[in-house]
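Each of the next two complexes has subunit A plus one more chain, namely subunit B in the first and subunit C in the second.
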Partner chain A sequence: MKRFCAVLAALCLIHPALAREAAPMAEDPVVEERLVKIAEELRCLVCQNESIAGSQAELAVDLRNEVRDLIKAGKTDRQVKDFLVARYGEFVLYRPQFKPTTYALWIGPFVLLLVGFVALFSYLRKRSRKVEDAPPLTEADRKRAEVLLKESQS
Partner chain B sequence: MIPELGHFALILSLCVALAAGILPLVGAYRNQAQWIAFARPATSAIFVLILVSYACLTWAFYVDDFSVAYVAGHSNSQMPTIFRLSAVWGGHEGSLLLWALMLAGWAIAVATFSRQLPDAMVARVLGVMGLVMVGLLAFTLFTSNPFERLMPAPAEGRSLNPLLQDFGLLYHPPLLYMGYVGLSVAFAFAIAALLAGQLDAAWARWSRPWTIAAWAFLTLGNSLGSWWAYYELGWGGWWFWDPVENASFMPWLLATALIHSLAVTEKRGSFKNWTVLLAIAAFSLTLLGTFLVRSGVLTSVHAFATDPGRGMFILIFLTFVIGSSLLLFAIRAPKVGLGGRFALVSRETLLLLNNVLLVVACGAVFLGTIYPLLIDALGMGKISVGPPYFNAVFIPLMLPVLALVALGPTMRWKQSDLKADLLKLWPAAVVGVAVGVATPLLASQWHSYAALLMALVGWIVAAIVLQTYDRLKAGKPTASWWGMQLAHFGLAVFVVGATMISVYDEERDVRMEPGDTVAVGGHVFKFLGVRAADGPNFSSLVGSFEVSKEGQPLSMLYPEKRDYGPGHMPMTEAAIDGRFTYDLYVSLGEPLTADKEGGPWAVRVYYKPFAFWIWGGCLFMALGGFIAMADRRYRLKLKPRPAAVAVGAAA
Partner chain C sequence: MNKFLLPLVAFVALIGLLAFGLTLNPREVPSPLVGKPAPAFSLPKLHDEQIMFSPQEMKGKVWLLNVWASWCVSCREEHPIIVEYAARGVLPPVVGLNYKDKRDDALRWLLRFGDPYLLSVADVDGRVGIDYGVYGVPETYLIDKAGVIRFKQIGPITRKAMEEKILPLVKELNQ
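What follows is the complex of A and B.
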């Protein structure tokens, strides 16, 4: 703790301007907010499945800078993404585009849900027709149950 | 010498497993008591042999025997002992051995705790587990032998990936494998019941505690893995929809469906076929997950040493398992009775609905995971399917599940009255709406998504309180009832964490010089500087941050940047001040000038509300599972019933 205080004191000497507000990495917070939103949907191409928002790899940093410049140049989100797709291919998009090769991907789960519901209700209807209510107990059944009950008590 | 001993024990265990997989099954089929009796001792023998083998490999790690290729590839003499010992499962070959050990352990547990089951049934279950063991051991021995020697032996090993040199490695893989392997017990019970043609409520009761145990382990494994990623990867994410995460999440979804449908099968004797199919599917998905992870078809943060030969082996094994079990199912299923009658409005229907939703959700995750591979294999280009897709598809499917969770325990079996049920729960609905409206207002930022999810949380928790009150009036509830409610409560807690963190987290990406401050989430972080420090096998730069709230110092945080030497990426060790309702999270980025210790750094500071609730909720779920399986009705002995047989014969 003592050593730590010494370090602290030394730091104070070096930096007379204590408790200064840290500078954001980006000059413009509005641009930064959009950058994070876009970067989270872009894949860092040299990483093991990380977005360029999360990764600290050089390529990710470069791409973040690039996207930042594009935003500053007044491009829309769509234009930024199109630019990156033109350069790196669709692989860079974490949200696949909606087009013929990905129809099955996007619609699949909802078709599956529909099929599930239809199957469920047709099964339930068929089932209720097939299953008979249990027949009423016969005298023999009643005796058997009595024996079983007595036995489990003993 | 010792590695050879381990290798030999492993070969022996394969031989015993072959016998244990065949003789008891044949014995049970031909009703030969001696062959049936072979199941238990054989299971013990397999366990001992694999334990010896595992101990030998651990020993090789302990004494730094780098003449063993696997040790040389995953350990070095500088690593702390605890990480050298857990490095045994830090790679592909060793983790398979751990897997085999666990499978043998589950088999022993089945043999020990199933004394109340008929011997023939136990023999069938152990026989099927023996066959699974044969597949696993053959895979290990023929494609992934951990005991292979390296000539000449290197003087020093290649260190384990620094990401793995963490306590997470101690608990995450073993728990996850426990869950994976546990599902093979549920599978073995299902196959055994099909073989015996005895698919009844008794079978459901026997396999239920085992399935719940597997599910609880899967819950722990997945959630603690997520916690590990949260604090280790350094950017504060906790679930990435990474294909490998999906590979263990899909079995969890199906296992969740399975424990619900088993409940119906046990209580009401219905959905037997469906339950068996789910058990088969859940186990098949664990094999498929293994294939995806170990064959090299995926790129992910969980990269294993991969090899197409291994992929081929698993694929053949998977085909065999699915093919033979479905064939067996097709032969036996038509003879299975339908069980008791129930009305459209009943707990049975509700649980079926739960099953449809969970299975569809699993299908959606499956589709997203497999789609890029499929498109690539068909030569239609390379695409990525990432978090934006999964969030868009998965969350809407989970909303009705959350809405129904509260309703399930109120509804009656056989026939329920929806109007009366809802009338019972109206206070819960009021609480739900109140919580849903209050949360975004208190957080001073309206967010409809957060409002909806928090409303569902309020609805679930209030319903649990009402149901508990009602249930206590009727007498002491069973352990499995408490377990269910605790697990449902855990789900609600989890949803709070997941919602709050994704909607209301705050993040600042700043350039800080020593002395600078940054405010996030009402807290001020002051950067005091960076100093150099040395770990056992790395050098580190440790930053110091003083956190204060309203001028009062709160805590100190020391995030690190670690260098594990050439060949490894520098590691970011985040520092977290974890509190009940929020986490403060600091991670060091890069030094911005050459002066690392006195100069400015890129720093990321996060405020993560309710972060701990994500994993806390999962712990409740798992705990609920363990409580439920302790229910005494699972341990009741079947009494011999000569009298009943006599009366039955007379009638």
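What follows is the complex of A and C.
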């Protein structure tokens, strides 16, 4: 039991260190900051819903090193991203470029929203017109309504 | 009746789209390198570290670059197929790119499972792998006489991929 507690205590001590994302190595903090900023925008191809900054996959570690080297070599953010796109395709970008093949991706949701609004408004207009156009009640209708109301009260 | 026709059509179209999406494999990300020259490299041979190999040496030949590793589980699924087709003499020369592996492990793996490769090169730190956009071993590149990548197989080569894609393309490129 004592031993168990010791292990548990040790685990509690380790935990915060493990939880940190892609702990930057003790290196140039400016480079590391740029690395994290770029890496967060890049998809890891092994665990596709993780960024290269967050993924523990070996490829992500390699790619972080590669990006770090490119930054140190004086490349701009743009050049670093182009480097990876040239090898892994546009899929690595979480924010794909705005160009003909991605128009549908970028504009599609707004088009759908617009279609929804147009449909909604045309439906509402049609409905209010239907209410206005309804023929006025006749004397017989009124009597029937009264009878029905009374029935429901009793 | 007419009132329900439009929503019904839209619904069926949506289902069709989603059903199509389910048949796609999200792990298969088309490589931007297909149609581009195979990236140059110079790596030591696995069997003789003193000798370097570069893709330049394969100019004028149709060849396959197969990325493998001893730690890669699905390589064991693919390997017998490569061995079998290479033994039948229907495969073009296959160069192995031993990716992020230990030399001893790699050599032992080849002894155990067979070595269908013209030669293998050791990409110990995976740098060449990055240049080729490797993200999941095994991967295989079909490279033409001019050194242009014509096809990339992501994941293990299946019998079907071999018969329906790789071999017909090799035949076409060799003409």
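Here are a few things to note about the model shown:
The rule is simple: the second predicted complex is superposed on the first by the 81 of 154 C-alpha atoms of A that agree within 3 Å, B and C clash if a C-alpha of one lies under 4 Å from a C-alpha of the other, contacts with A are read in each partner's own complex, and residues count from 1 in each chain.
Heads up, the rule we're going with is that a residue touches a chain if its C-beta (ideal position, glycine included) is under 8 Å from a C-beta of that chain, and two chains touch if they have at least 3 such contacts.
None of the values given here were measured: they were computed from a predicted structure.
Touch criterion met: A:Q48 reaches subunit B and subunit C at once. Of the two partner chains, neither subunit B nor subunit C is touched by A:K37. Applying the stated contact rule after C-alpha superposition, one finds that A:K72 touches neither subunit B nor subunit C.
In the superposition on chain A, A:F91 makes contact with both subunit B and subunit C.
When the shared chain is aligned, subunit C comes close enough to touch A:L63, but subunit B does not.
In the superposition on the C-alpha atoms of chain A, the part of subunit A touched by subunit B in one complex and by subunit C in the other spans residues 48, 89-91. On the side of subunit A, the complex with subunit C involves touching residues 45-46, 48, 58-59, 62-63, 66, 85-91. Looking at the complex, you find that subunit B touches subunit A at residues 233-235, 237, 240, 242-243, 299-301, 303, 338-341, 343-344, 349, 352-353, 356-357, 359-360, 363-364, 367-368, 371, 375, 380-389, 392-393, 397, 507-518, 526-529, 531, 544, 572, 589-590, 598, 602-603, 639, 641, 643-644, 647-648, 651. Touching subunit A in their complex are the following residues of subunit C: 26-27, 29-33, 100, 125-127, 129-133, 135-136. Residues 4, 7-8, 11-12, 14-15, 17-26, 32, 36, 40-41, 43, 48-51, 53-54, 56, 89-96, 101-102, 104-106, 108-109, 112-113, 116-117, 119-120, 124, 127-128, 130-134, 140-141, 143-144, 147-148, 151-152 of subunit A are the ones that touch subunit B when the two sit in their complex.
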